[in-house]
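By letter and in written order, the chains are A, B and C; residue numbering begins at 1 in each of them.
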Amino acid sequence: MTRLRSIFAMPAAVLMLVTIAVPAGIVGVYSVLSRGAYGGVELPWTLENYTRLIDPLYGGIFLRSIALAGAATALCILLGFPLALFIARSGTRKNLYLSLVILPFWTSFLIRLYAWMFLLRDTGLINTVLQWLGVIHQPLPLLYNTGAVLLGLVYGFLPFAVLPIYATLEKLDKNLLEAAADLGARPIAVLTRVTLPLCAPGIAAGAILVFVPSLGTYITSDLLGGSKTILIGNLVQNQFTTARDWPFGAAVSIVLMIVAVFLMFTVRRRGEELL
Amino acid sequence: MKRGLAVYAIAIYAFLHLPLLILAIFSVNASRFTAWQGFSLHWYRAMLADRDLLESAGNSLAIAVASTALSTVIGTLAAYALWKRASNWLAGGLYLSLVTPEIVTGVSLLALFQWAFRYVNFRLGMHTVILAHVSFSIAYVVVVVLARLRGFDPALEEAAQDLGSTEFAAFRRVTLPYLAPAVAAAAMLAFTISIDDYVITSLVAGVDSQTLPMVIYAMARRGGSPVLNAVSTTIVVLLGTLVLLSERLRRV
Amino acid sequence: MKRRTLLLGAVASACGRGPRLNVYNWSDYIAPETVPQFERECGVRIHYGTYESNQEMLAQVMSGNSGWDVVFPSGDFIEPMRALELLAPLDHALLPNVSALSPEFQRPPWDPELRWGIPYMHGVTGILYQRSLQPAPASWADLWDARLRGRLTMLDDEPEVLGACLKKRRYSINSATPVELLAARQEALAQKPLLRAYLNAEVRDQAAAGDVLVAQAWAVTAAQAIAAAPGKLAFAFPSEGFPRFADNVAILRESRRVEAAHRWINYLLRPQVAAGIVMATHTASANQEALRYLPSQVRQDPVLYPTPEVLARGEWFQAQSAASQKLRDRLWTEIKSS
C-alpha cells in the first residue's frame, strides 16, 4: 500500500526540491553576498543588502506595495461579495454565472491588461468618447498612474475573491437564515449579522488569494503604471535584469517570500483547505 | 434586494467582459485609430503574415504541450499520493509554489539555471522554459485532481484489491477512469497557464525561445497596435473555449 | 513583399541547414531586406532578436553563455564588456569593407584600433517635442517645466537621465564626482513627479499619436517619430550640451560562429547595405561611402546630420570606472524607486 504512494509522489517531490527548495537556497545565499563591479555575485559575505532595505526609500516601496495590495483586496472583497451572493441565490443558472466569472480570469492576464491600456490611453476609447460628447476638451491622463494600476489589479483578481466567497455561501445552512428571519430580523440584518460572519473563512481565503499576488505584481505596474510606479515586484525584476544587482534583488525576494509564507500559514489555519 | 443584486451583477459582468469585447470589436476596425471606419479583416491578415509572431506562437504551443503533458502526469500521481496519505512536506511545497509571487519564482529559477550552467554545458532555452512551466503548473493540477479524489470512495479500490488485482492495476482500472474528467480539466488549465505566462518565461527564456506573451508584452509596451488587437481577440477566443470545456468536464 | 520575404526565408532556412547566426540588435535598427539578402548570399541563417537598452543586452550576455553571437553595444559599453571578457577580438583581414567608415569612426575614442567593435550607427540624445507646444523647449532645463506634468518622458537609461541632469547643472555627462552625481540625483528626483514614464524607443508611437508632449529621445527615435507624424513633431539639440553615442557591431567571445559573424559585419559595412538601412530606419550611419547612395534631403536632415557647430556642443559617453559605475547604478535604482 505504501510503496505505490511513495513512487507516485516521487516525481513531484523531486521537482519541488529542485525547482523550489534549491533555488530558494541559492537566492538566500546570493542575498548575503556582494555585487560584482558590473553585476554578478562575489565574496565578501555581507548583510548590507538587508540593511539597505531599512532605508526609508525601500521601506516606502514596501509600504506602498502593501497599501496598494490592501486597497485592491478591499475593493475585490467589496465588489465580489454581492456578486457571490447573487450567484449563490441564482438557482439553476449557477454554473452559467460562475463560468461567466471564471472565463475572463483564465484567458490571458496580459491581454486583459492590454485591453485596459487600449481603453485608458490618451487616444483610447474612453477619452475619445468623452471628447466626442464634449464632456472634456483635453484627454484625461487615465493611464500611467497608481489608479490605473489599482484598476488593473482589481480587474485581474476579482474572480479570485468571488470564488471562495461563493464556495462558503453555497455551503451555508439555509435553515440558519430562515431561523433568523423567523425571529424577526429584516433581510439586511440577516445579511450582516448571520451570513457575513459565517462567510468569514471564505472572505479570508479570497482576501489572501488577492493580496499575495497583488503584493508581488509586476506586469500590472509596468504596463499600466508606466514603470514609474515602482513596487516590490518591479524592484526585484529590475535588480535581476537591467540593474544587475543580484544580491540586492535576492534580499528583496527573500523578504517578499517570507511575507507570502507568513500569510499562507495564517490562511491555512482559518480558510479553506485547498490541498 | 433580489432585483438590486441582479442589476449589480449585470454591472459587474459588464465590467469584466466589456474591455475584451471592445478589443474584439476594434480588431475588425478598418482604421488603425479609435474612429470606426468599417469592418475589415486586414489586421488578422497582417497578424498571420508576421513571421516573428508566428514563430513565437509556435514556441508557445510547443512549450505548452510539453509542459502540460509532464505536469498533468506528475501532478495526477502526486494528487493520488497525497490522497492516500497526507504529506505535510509535499503539500507544503505545492502550496508554497501556489502562493509565491511569480517574480520570486522567476528570479529564483533564473538563479538556479545560471548557477547550474557553470557546471553543465547548457544555456537558457526551450528546455529551461518547459521545466519552469512544469514546476509551477503541478500545484494547479494537484488542486483540481485532489478535489475530484475527495469525492471518491477508497472502498472501491480496496474491493478491487480484495478481488485479486495489484495496487497499480486497481489504480489504473478503478480510480483513473473516475479521475479522467478532472485530469482532462487539469490538463486544459495547465495549458492555459503555460500559454499565458509572461513573468517567469521572460526571465528564463533563451535566444531561440521567444514566446507569444513576450511578443505581446513588447507590443503593448510600445503602445499597442491593431495587430495586437487581432492577436488578443484570437487568443481570448481560443483560450476561452478551452476554459469552458474544462469547466464542463470538471462538473461531469 | 512580406510573402516573398517569408518564402525566401523558408528557402534560405531550408538549404541553409548549416550555421545559424544569432544577432541581437536594437529594435528598429535594420531594414526589412537586410537579413534575407544576407541569408541568400552567404547561406547563413540569421536569428534576429531585439532589445531596448544597453543594460538589457548586458544583463542577457553577462552570463557568458547566452547563445547570442553578435551584439550592438554603444561605445561606452565596449570597454566594460572587454574587461568582463565578453567580446571576441576582430580580425580585420576578414573585414575589407572597414575602409568605408567615416574618418571620425575609423579611430573612435572608445576603441581607436577597432579591435572590439565596428561603428554601425550614431546619433545624439536631445529633445523630441510637439510643434504645438509654444515656446518650444530648447534646453534640458526646459524639461523641468511644470506645464509638462504628465506628458513628459525621459529615457529609461541611467547614463542618459543622469547625463541630462548633470548637463542641466553644467557638469560633464561623464562625471564621476560623487558630489556632482548626487546633485544630478536630486534633479532627477525633482523632475520625477512631472514624468509620465521612463521610455526608450517605445515613446516613438506615443509621441506620434500625440500622447506625449516632450520626450528625451535619441535622434534615431525622433527621426522615426517625425517621419511617422509629418509636420507635428520637431527635435531640439539642448543648449547646455548633449550626449553623442555610437552603436557598434561586436562579436561575443562565447560565439562559435566567429567566421560567419565576421561575414555579417563585413556585409553591414557594404555601402549599399548601410544606405538601405538608413533609408528604412532613419538613422545616421557611420559609413561614409553609404552617404553617396542617399538622397540629398536625407543627407542634410538636420536631426540626423547636424552641422558641425551644433555637434561641437556634443560630448561622447565614456565608460565609467567600476567604482563610479556602482555609484551610478545605485543612484539610478534610487531614482526609479522613489
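Just so we're on the same page, contacts are C-beta pairs under 8 Å (C-beta built on N, C-alpha and C of every residue); 3 or more make two chains touch, one makes a residue touch a chain.
Since we're looking at a predicted model, the values are computed, not measured.
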Chain contact graph, described as a line, ring, star, complete graph or other shape: complete
Pair of chains ranked first by number of touching C-beta pairs: A-B
Chain A-chain C separation of Cα centroids, rounded to whole Å: 37
For chain A paired with chain B, centre-to-centre distance based on mean C-alpha positions, whole Å: 17
Touching two or more other chains - residues of chain C: 209, 211
Numbers and ranges of chain B residues touching at least 2 other chains: 221, 223
Residues of chain A whose C-beta touches two or more other chains: 121, 123, 240-241
Residue ranges of chain B in contact with chain A within the complex: 1-2, 5-6, 8-9, 12-13, 15-17, 19-20, 22-23, 26, 33-35, 73-75, 77-78, 80-82, 84-85, 87, 89-91, 93-104, 106-112, 115, 131-132, 134-135, 138, 142-143, 146, 167-168, 171, 189, 192, 195-196, 198-199, 203, 213, 216-217, 220-221, 223-224, 228-229, 232, 235-236, 239-240, 243-244, 247, 251
Footprint of chain B on chain A - complex, ascending: 1-6, 8-9, 11-13, 15-24, 26-27, 30, 79, 82-83, 85-87, 89, 95, 97-104, 106-119, 121, 123-125, 128, 155, 158-159, 187-188, 212-213, 215-219, 222-223, 233, 236-237, 240-241, 246, 249-250, 253, 256-257, 260-261, 263-264, 268, 274-275
Contact footprint of chain B on chain C as seen in their complex: 2-3, 5-6, 9, 22, 24, 47, 49, 63, 65-68, 201-202, 204-206, 209, 211
Residue numbers on chain B that touch chain C, as the complex places them: 49, 51, 114, 117, 121-125, 206-208, 210, 221-223, 225
Complex interface listing, chain A residues touching chain C: 35, 37-40, 57-58, 60-61, 121-123, 139, 141, 144, 226-228, 230, 235, 238-245, 248
